[in-house]
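Here the chain labels run A, B and C in written order, and each chain numbers its own residues starting at 1.
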Amino acid sequence: MIIVIGAGPAGLAAAEAASRNGSDIALIDSSPRVGGQYWRNRGTVKGYRSGRADQLFSKISSAKSITHISEATVWSIEKEGDLFRVNYLQGGEESSLTAEKLILATGAYDRSLPFPGWDKPGSMTPGAAQAMLKGSGVLVGKRVVVAGTGPFLLPVATGLAESGAEIVGLYEANSPIRWLLSLHALLLNPGKFAELFYYGNLLKRFKISLKFNRAVSSFADGSATVSHINSHFMVKSQREKIVHTDVVAVGWGFLPDLTLGGIVGCAQRVDSDGTTIFAVDGEQRSSVENVWIAGEATGIGGADLSLIEGEIAGLSASSQSISPSKRFTRIRKEIFANALKRSYPIGDGWQSWPQESTTICRCEEVTMHEIRESVTELGAEDSRTAKLFTRAGMGLCQGRVCSRNVSEIVGGLTHCSVTDGERIASSNRPIASPISLGLLGDGKK
Amino acid sequence: MQNPDAIVIGAGIVGASVALSLTNAGFKVLVIDRGAVSSGTTGAGEGNILVSDKDPGPELTLALRSRDLWFEMQEDVGDAFELEAKGGVVVARNDDGPLMKLSSEQSLHGVTIQKLDHASLHELEPYLDQRYQSGVFYPQDAQCQPMLAAAHVIRAVVRRGGAFISQAKVTKIHVREGAVTGIETSQGSFSAPIIVNATGTWAGELAQMAGSHLPIAPRKGFILVTEPTKKYVFHKVYDSDYVANVASSDADLQTSTVVEGTRAGTILIGASRERVGFDGSMNYEILRRLAAQATSLFPILRDVQLLRAYRGFRPYAPDHLPVIGEDATVKGLWHSAGHEGAGIGLAPGSAALITDAILGREQFMDPSPFSPQRFLSMGIEKVLS
Amino acid sequence: MTERITFTFNDKEFTCESGQSIAAALIAADNRELRKTRFGNEPRSIFCGIGICFDCVVEIDGVANQRSCLVEAKQGMKVVSAT
């Protein structure tokens, strides 16, 4: 049996591909319905080329060898001889499933950067605004600012506008001129022009003007300060504008969730954009035998890349042949993903946005001042020591939101670049999801 | 600082304490560490400063003095490491005979105890399982935040004329005519007539570099950390089996529950002990056992979520006593290591023993039970096996 | 037709459609603040919306620290802000 964890584009593609030769597959996901965060599915999927999602959904539901285990949250994975035992929580109970092979497709979440007011109600990630809308049909506010960097801002802003929100500002921190560095990637992926045209039309229809080189530099009581920033993300202090808004939805690309692969012991590496990811070979095999990883956890690249990676992982795990054209498609999508990383980099200047009193770790309410003191006064030299001194990253989210930011702030204060070892160590989380001590102890509710 | 009076290797709480005590005695001290402050066992510790878990004997004498020195150290460097005399409650589920006997003996050796009947036990710990009939309260048991403590102590050393160099791995210890003369590190060479080995689980490796040997090995332990909760646990609460496990040499896994609340609102659950070298892998069976034991002490914790778990390596010697004193064969090489799970509590007391010995001052106790000489009669094969 | 759900949040009654998360239902009713922080007593609401950040945690039927962005509102649920 093959266990696929995650039912987003990569996991679905993997399960579908592996099922083609009748392999026995369990598809585990924490949501009630397949689709993942990107194709958040409330009966129907909306958005650009959503037909692909519907096709995949119907293939998955009609494949006899796929068992979909929904609303199941994996909290740990153990090795038992040659088998993997996947322990998960479902309906308040713990269950487990064993298999010879694992395909991990656990996706990613929005990266956030701290600025004054980012912890106030009304400040959220673009992913949150989209999840509320697609998952529950709820608009997060009447007036919304969408900001940050990356192409994901476009579907979020246009999706909100389509549902009746007023987009009072759409701000991209980087300059579109950066795409000149990656013309080859566009030419290799001409389909992207159609996508750009699609969103361009929507922006025009909803009269949203996309402005570049700007960022939300503070938010409080229904007003956001929007500042001009340079290419390193340093604020040009003389040029700012106050925008009245209910919500600021700010996102800085994505961070993959590395927890489960980390538990299994899959080797990680640091990607060109500083993101920690898993090292995989041409067939998505991780360093651990019989574990394949596909999608964002092997490098942020969006749904297109995830789909082909998932398909390759599924074919490889079920010992089916992978055609050269599929391998070429993956390379083509990878070239585009790398172009995205070059076009939407995160400048170190963000480290100057927080004030001394700005929260850096939301869970444990650790401020910039405390992080700074842990470095200058107590000798913290990396995120681990800063964490031990300040509790930053020790809260409920286990550092998923702040640990990369803390590493980079400490690196900035010590004038030492963050080592790969440190970036990799901070994703070590043996408890992937909270489990009650009662369940853990004797399996009873 | 090329020529300090003394070099302390290891910036955990044990090394920091020695550095502070030498600095306060007028020495110019250089502290070095292969990582950052508190990056070894100190960084994985709960911050226990316990007298309750020690049988009468030299370790208890050291623990009692060391506990008082902790409060003196706090006066000296400032109240910044959450030192708190929270008190320990040891409970017995079935036969409380051994616990009552041990506590009576402890009380004859300076430990303050208060025997608890069912009513007084449950008044101190209202969420404890009603089946626990009796226990003993140890008001001297204390707790600190050990990483912060080491950092603040080293900051005091530096402010008083010492120096600290991090990320400096020792590559060589120079010994001439049977005495140390200096060290080479990845960050340069330093000379000093006194070198203190406070490297915890690596102490044996370091002794070897000087041509000596110390039988210190790691003993792995896991700690569970819950989500922040309402206050359910008011002291450090543990089962009386814990004391037996601490003193055991069994290589197999042992678990005995130690449960305590923290200032951050989380609950810490320990403690497992196993001798598996430096194998850092997670063992979920151990987590299950610890959770089962903790919820049998405090049933209300059944609904509390486990958030994270981490492991550390306690440095231990074959006879479970710390190694404190000058090396058996190399002059000028001093050891303060092998404190196992009690390093936080015993650190300032160990530091006082070393400083007083170096200065030829009167010591508060006879340090010979901790002497590195005690391993001379042991075959090296035996101690490393 | 979707079923209507009634639940309470801090003893106040709210209604929503079945399938909506507690956080979504509260935000739709213009109730943005979901809790106050433990140390600074600062108001917090949803942030990541997908169960990663734990900022939206509430107590649901006596069980603390539940992510209101993930848990679907059910008839008769008693939801309170964390204390």
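To be clear about the criterion, a residue touches a chain if its C-beta (ideal position, glycine included) is under 8 Å from a C-beta of that chain, and two chains touch if they have at least 3 such contacts.
Here the structure is a predicted model, which is why all the values come from computation and not from measurement.
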> If you tally the C-beta contacts for B-C and for A-B, which one comes out higher?
Replying inline: A-B
> What is the identifier of the chain with the smallest separation between its Cα mean and the overall Cα mean?
Replying inline: A
>> Roughly how far is chain A from chain C, centre to centre by C-alpha average, rounded to an integer in Å?
In response: 23
>> Taking the mean of the C-alpha atoms as each chain's centre, how many Å separate chain B from chain C?
In response: 44
>> What's the distance between the Cα centroids of chain A and chain B, rounded to whole Å?
In response: 41
>> Could you pull out the residues of chain C that touch at least 2 other chains?
In response: 38, 65
> Which chain A residues touch at least two other chains?
Replying inline: 364, 395-396, 434
>> Using the touch definition from the top, which residues of chain B touch two or more other chains?
In response: 227-228, 303-305
> Any idea which chain C residues touch chain A in the complex?
Replying inline: 17, 19-21, 23-25, 27-28, 32-34, 37-40, 42-55, 57, 65, 69-70, 72
> Which residues of chain A touch chain C in the complex?
Replying inline: 30, 32, 37, 42, 109-110, 112, 119-125, 127-132, 135-140, 257, 362-365, 395-397, 400-401, 434
> Can you list the residues on chain C that touch chain B in the complex?
Replying inline: 38, 62-65, 83
> Which part of chain B faces chain A closely enough to touch in the complex?
Replying inline: 36-39, 43, 147-148, 151-152, 154-155, 164, 166-167, 224-228, 264, 269, 281-282, 284, 287-288, 291-296, 301-310
> Okay, in this complex, where on chain B does chain C touch?
Replying inline: 227-230, 265, 303-305
